[in-house]
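Before I ask anything, here is the structure I am working with.
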């Protein structure tokens, strides 16, 4: 089970790299490389570590990857994609001018001036959001130690067998 | 000649797959990944239109994509921290078994 | 078709006598043009890309072999012993013997390993690093690819190594390799930031992300003797030291070779690899070292610029590989001298010492640019010293503060009565 | 004022000095390329024992009288002696079989000390590579016997003392004064000690 | 994610079901345990929660064999106890038998014993520092410098005793053979050259920031625990107890030389490392003095019988300050040719007992450094 999860994560990383390639092909070289750094470099590791840290119990049981009602999910997704596709078919006049091989590519210098010029507030706010999110994530993930009972079981955890585990074991006991 | 049309088609497909993943997966981490996919689909659209308008005027689109990527990264960080915190209490990362958020 | 090049190349250069200097200098470029000239129009584009790629891989493949032997010989000499001197003349064919040994070694894959990832990990480790070699300018216009944001490309591609380390660690299903992989990833990520920060300083001063333009910015000489390399400026010197410290950590070498800390977790994420896959990991590490030291040479030591105006005649790629050799010798020298850091020291050193100094170095570079306007005589020297003090003093004091706070320092011993 | 990097720099200077020194200073170049260059073994060095015989014939001139003292005293018990018998079955003062299993022997040289007849001494050959692990390292009397000349080459100082001592003893025996001989000898079984 | 493998799952289960409690066995084939020695380490994350040393892989039943062989027969076996310092083990055994049989030792033999013992201390301390820094990760450089110096000393041993490491040189009542011609001058040369190596070592590593970071405050052995665990040698002196048997027992001719005993205050790995460096300087002083004053004369007490040597019934305990600590031999003789009881006091084993207290709360990487700083040799630990 875990094996398939990690494969999912790695293939997801590959698709992110693919999207980065698309950006470069579209002429926005700087964007593609930025995407590569952010997603392939950092978020992929984040996700893979999260998968490893939360897979203690599921190692043994082979459960289905998909939720109970997966049929409706796929149907809805198909519907939405269909509408997008049809809408796309009827739009006209989307000639393409730019492109790596075609017209002028995105000028990194120009992007820099924009970022530091008119949109410096957006740039600073993005930085701020990142910092706040980082600190929040760290606080959330910190394992704070509660006082342990004599049996070594954590005070806040329901004792083994009753509370949430009981219902689950009961459900699968048969 | 590759027109914006082609880019938009790919973005739509990407969005479809992301949505399917988000709706059907049990494991919350995979759901998070699907959301990232959808975000990337949106970014792809932006780049497509930026390219179509020629990159002199289109650089605002690139700016949008930069901020979107930053926010998406922050969001995935916080999302995963949340999942870890929930996991520590409920010993499993499955969505359909997490209890309703009561008080 | 470059007739003149062909004539020169074929030696009897009827039209124009070509001096040996220019022949060496322009030689590789003419060779490429001549080779591309023979191809039909469609294949020309492919050839333009393929020939530099093959050239880079061949040169650095050979350099990898020679570097392994040089490392063992230099380490040997530091330890008063000869190092390999049996295979080939003075031992220089040792890498061929090692290569054959690695090929013939049985490739053991653990039964419970995830075969696909286990096989992919070395490739995902080596490929991006080889890619990042394409961006570095080796000679006057000898660069495999010159994208506008070359430096960003270098770091973007380099960040794939963490994924490869994880794949290797996880797919071997072995407690030790997983721990080793975790450590390696923590180390690479936490040292990517100081690396980028010190490179950022150079980008700010040179005004461009493209490595070729950075090297151009370092041409010219002060008073005809001192080359205008970035390392000659105080922020450049501090930047180079920071860069080399972070580079040693990012490529898991010298005092930071924690992942394969033999004395603790044996072999790190490479424990379950043997045979040629291990050799590929090994090659990945060396290519990482070449890439990083190549970048250091390009950013701080003036890429292929000659150190003295008089020496301009020598072929430019010669200077680059000379400086690269010096950098590799420095890595080996460090490996022979310093013991290994512990995990928490490593991270503390990265986050609490290198990062603040990197940021400070950025400020100092700005001050250096600001003080440029001084006109009174001796302004250059005063400006130089002021900036040096601005970065040097905090570095020393901050270091001492960190050391004293943990109570580390030399001790005086008493004797029993 | 100890700058933080000073310790590291001092370390670099030291390894740098060794690096340069290994090309220049013989003291910093200690490797002996074994098969080509070999270092002279010191005179006292000892590896495995061998038997000394006087004169030309290894069989007759063997000094060993098979008194089996060394067999008893050897800590790992790696010597095996069977005395020869003359035609009427009485044991002769000559070993028929004298085996030393040098895979057991730990070259501790106690047999040399306790031998009252200076018939066993220590060799210096250390290259004992054999294919056959069981029989190959079991040396028989024929392999062990070495002429006294070989012994004089190996340990010149010690050999000179032993030869004087044996010559004096042979002289006294010829002159027939057996009692005088026993009185003049300091203690029994003392091989005359060092110089 | 980290499955709790390892042989004893029950022990870890009892400790409550915690995240990431990992049981690592740094097994007998681990590259940095000095010989066949295993440590079952229970980790929580990086820090050590419990450590159980497991040894006995090199047990050769030395003491039982000694009860069957003669007194002289056991002497070569004492070389194999602590195979780095065979001469000090020989001397301790000879001292015990001399106390048992009441033998006197001539002057020259006493000087030769002091000289060989101090040379052994030099090469042992050099090796220990080399191994410890190898564990710290310095790729063999300090080790090679230490071995370069050790080779010179081993050459001296070979020309004096006949073998480099298995010397078997002391006899009851003196030494087996006198120093060959020119040996004293060669020894003076080696000793004269040694301080250069010590300065090189001190410059290379004593003030090295990484060494200080990795060893200061690591593996602290408090003073009273050191005394209760009856540690001895540099391990004890690093914890602040200035106890050196050469000064207290005044055995041999040590009272004729003036040398000082360095004492540390923190009791951590750095102190043990620096103490050995300072002790080597003191040993060089002793050696220079001894090589000057060595008198001529017999090397062994002539009256002692080599074979069927039967000391009178009784018991004796002879001990000396070996490089690793107090090495002692306790003999009970019943008048026959072989001892009734033969007991060795191994300093490595006794210093090792305090290993767990030193390692609790430290990181995995430090366990190896602490083990290196105690300087154990498995031949002596397992006997």
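For clarity, chains are labelled A, B, C, D and E in written order, and residue numbers in each chain start from 1.
What we mean here is this: contacts are C-beta pairs under 8 Å (C-beta built on N, C-alpha and C of every residue); 3 or more make two chains touch, one makes a residue touch a chain.
Only a predicted model underlies this, so the values are computations on that prediction, with no experimental measurement involved.
S.K.: Computing the C-alpha centre of each chain, which chain sits at the greatest distance from chain C?
M.R.: Centre of mass proxy via C-alpha means gives D as farthest from chain C.
S.K.: Please identify the chain lying most centrally, where each chain is represented by the average of its Cα atoms.
M.R.: Given all protein C-alpha atoms shown, the central chain works out to be C.
S.K.: Of the pairs C-E and A-B, which shows more C-beta pairs in contact?
M.R.: Output for the comparison: A-B.
S.K.: Which chain's mean C-alpha position is the greatest distance from chain E's?
M.R.: B
S.K.: Can you give the whole-Å distance between the Cα centres of chain A and chain E?
M.R.: Going by mean C-alpha positions, chain A sits 58 Å from chain E.
S.K.: If you average the CA atoms of chain D and of chain E, how many Å lie between those two points?
M.R.: A distance of 29 Å separates the two centres.
S.K.: As a quick test, compute the distance in whole Å between the mean CA positions of chain B and chain C.
M.R.: Chain centres of chain B and chain C, defined by C-alpha means, are spaced 35 Å apart.
S.K.: Provide the C-alpha centroid distance between chain B and chain D, rounded to the nearest whole angstrom.
M.R.: Using C-alpha averages as centres, the distance is 83 Å.
S.K.: Which chain D residues sit where two or more other chains touch them?
M.R.: 2, 4-5, 8, 11, 14-15, 18, 30
S.K.: Indicate the residues of chain E shared as contacts by at least two other chains.
M.R.: 1, 3, 141, 145, 148, 204-212
S.K.: Going by the contact rule already set, what residues in chain B reach two or more other chains?
M.R.: Not one residue of chain B touches more than one other chain, so the list is empty.
S.K.: With touch defined as at the start, can you tell me which chain A residues reach chain C in the complex?
M.R.: Listed in rising order, the residues of chain A that touch chain C are 3, 6-7, 10, 13, 20, 29-30, 33-34, 36-37, 40-42, 44-45, 48, 52, 105, 107-108.
S.K.: In the complex of these two chains, what residues of chain C are touching chain A?
M.R.: Chain C residues touching chain A: 114, 116-117, 147-149, 152-153, 155-157, 159-160, 162-163, 166-167, 170, 185, 189, 192, 209.
S.K.: Over in the complex, which chain C residues touch chain D? Could you list them?
M.R.: It is residues 74, 77-82, 333-334, 336-338, 396, 399-400, 403, 409-410 of chain C that touch chain D.
S.K.: Considering only the defined contacts, which chain D positions touch chain E in the complex?
M.R.: Chain D reaches chain E through residues 2, 4-8, 10-11, 13-15, 18, 27, 30, 41-46, 69, 73, 75, 106-110, 113-114, 122, 157, 186-187, 189-190, 193-195.
S.K.: Across the complex, what residues on chain D touch chain C?
M.R.: Touch residues, chain D against chain C: 2-5, 8, 11-12, 14-16, 18-19, 21-23, 28-31, 33.
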